[in-house]
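There's a structure below that I have some questions on.
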Amino acid sequence: MFDAKVKTGVLKEVIDVVATLVDEAKFNAGKEALVVKAVDPAHVAMVDLTLDRGAFESYKADDLELGLDMDKMKEVLKLARAGDEVLAFTHEEDKNRLVVHVGNITRRMSLVDTAGMSDPKVPNLNLPAKVKVRTEELRQGIRASESVSDHIALIVNPDGFEIVSEGDTDSANLRLPKDMLDELVVKEKVRSLFPLDYFSNMIKAIGSAPTVTMYMGNDYPVRLEFDIAGGKGQVKYLLAPRIESE
Amino acid sequence: MFDAKVKTGVLKEVIDVVATLVDEAKFNAGKEALVVKAVDPAHVAMVDLTLDRGAFESYKADDLELGLDMDKMKEVLKLARAGDEVLAFTHEEDKNRLVVHVGNITRRMSLVDTAGMSDPKVPNLNLPAKVKVRTEELRQGIRASESVSDHIALIVNPDGFEIVSEGDTDSANLRLPKDMLDELVVKEKVRSLFPLDYFSNMIKAIGSAPTVTMYMGNDYPVRLEFDIAGGKGQVKYLLAPRIESE
Amino acid sequence: MFDAKVKTGVLKEVIDVVATLVDEAKFNAGKEALVVKAVDPAHVAMVDLTLDRGAFESYKADDLELGLDMDKMKEVLKLARAGDEVLAFTHEEDKNRLVVHVGNITRRMSLVDTAGMSDPKVPNLNLPAKVKVRTEELRQGIRASESVSDHIALIVNPDGFEIVSEGDTDSANLRLPKDMLDELVVKEKVRSLFPLDYFSNMIKAIGSAPTVTMYMGNDYPVRLEFDIAGGKGQVKYLLAPRIESE
């Protein structure tokens, strides 16, 4: 059983985060929260999203798996006239369809078969550095890097945080000294290289969260954590490093 | 003789309505009104538009036929800096050109030969059902249908009005119960199927009219009627049904 | 040595003007002003731009040549969050790179080799007619001409100024009588024909200047003069005529 009402703006944050990595995903509707875990087709990045039942206008579910097509969900979002318009979802069990009500519209959509969708195990990584950065600053750093190279280095040291992009002749970097960071925990400098497109898409998928917490190591994956739904949901993105050639 | 001044916003409503069906059209400038009747190249839809002389800032005409190219008219509309800027039209008889003045610009355009343009006869159909719907609701219904199927069913019954779109696995429908309609006249249920693209383009071409009156039958054409120019002009669209295969 | 700070909006005016004609240009950073002279690849048009040191927030230079890539400069402009955000430029002499600071971003870009860039000599033309026109009127005149022909005639006579565009069947013209012009100096009618795309791009590149002064002759180039940076910079565009075939 699945019966939920949610504001369009909240669902949009969820879909934006998931659709950045995958076209289809398994949404686990548990009693207390909706959970999505997914790995992108190239196995470079992972998302682990939780939307608490408190983020919904109403929520009833008993451990159901819903295979959702991201494009169809985006279409549904467009049917709402405003971000605070409420979308009502019901699971039609006999036909395995999701029924969406918005205004005077009823939209029935077939669900994707979840049999072939694995349940990715989120690895427990020991990431020694932690830095909390304003989302807007990250967006600027990415914009500056885009024409310079197709990968970026993320660096944390006791002085601050840095994004560095090096091309053949040009370079771009964003440097945020310690006093411009909301939080900084690091003993010694760590540095990892990442594909710019993935990192950029992840940062662009962040909805309303004003800050992002990043956990990093040396030539290690980065974990991004940020809130959705005004704190009633949490996202963890994991992105594999690109090993630097000498 | 043809000598008319009209606000850009009013002319834009006319051109949007006509250009949805045809690239060129014969505008009949009568003494009391400008009238356009046209059938689309596939003979699926028809428009019958009347713009009263009162919709113009000034109007003088003695039963002239003007063959107008819709793209050129759209260019002329773009020359105005605001919707209430007045465009002045004159017919240059010796060269059969239309002369347009807007601001300090003079634009002379050759007219299309109307010799080959038939005068479509608007059929007198006996359509038993009548329903008056808010334009905005129709737009929503179309948006919901677009990804589901390439045709839609329009249904009127004593309970209300419905747009139904059925795909192989998905469906969408808009249901407006009686109390959400401005008017409902129907004895027994009628239902006809239409090509979505035509119906969608017609609804999108509606300018400022807040409501549309629809006349329908069973497997019969639909006639849409709505106002332009704040009630100083009237549009009738006729759309042929698509016969359902069993 | 080159060390300058400039508001984004001011630099944008400069780049828009230059990028209309060339992809790369030599910027001469003199002690009192930044000067750019460039000819387009087809040798049809020329720009001569001066930005006084007073247009900068701060300015120090000793006769340096900077070969700039227009696309990179446009990217740099996009890094600013507002038109009044200040961009700081420094020349890194040892590596011949330009270093740009904006917010917390540092962008280093290689300079283009200026060895192959000639110093165009601006010809001293005797242009008998002078007319000062509102930029917005010129934009309207161009818009009206765009679908009619690929060249336009500019005409000045004692009655006023005119842009005429003649196609096979259609025509467009903008006529500004004497009293709608800020200034008019002409003894007898002059008329020259120009390629519309060049003239249009030049007019579109004008930033904030409310008026343009045009100097013209008979089958002669036109010189456009207008201000940038609120009068702290001047632009001269020169455009070769297209000789009319009989």
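For clarity, chains are labelled A, B and C in written order, and residue numbers in each chain start from 1.
Convention: a contact is a pair of C-beta atoms (placed from the backbone, for glycine too) under 8 Å apart; a residue touches a chain by one contact, two chains touch by 3 or more.
It should be emphasised that the depicted structure is a prediction, and the values quoted were computed from it without experimental measurement.
Enquirer: Rounded to the nearest 5 degrees, what is the angle of the rotation that puts chain B onto chain C, matching CA atoms?
Expert: Roughly 120 degrees of rotation.
Enquirer: Count the residue numbers both chain A and chain B use at their shared interface, divide by all numbers used there, and answer same if that is over half, different if under half.
Expert: Mostly different residues form this interface, as fewer than half of the numbers used are common to both chains.
Enquirer: Between chain A and chain B, what is the gap in Å from one C-alpha centre to the other?
Expert: That gives a centre separation of 45 Å.
Enquirer: Where in chain B do residues touch two or more of the other chains?
Expert: none
Enquirer: What residues of chain A sit close enough to touch chain C in their complex?
Expert: Its residues touching chain C are 137, 140-141, 143-144, 146-148, 169-176, 180.
Enquirer: Where on chain B does chain C make contact in their complex?
Expert: 72, 75, 78-79, 81, 97, 103-110
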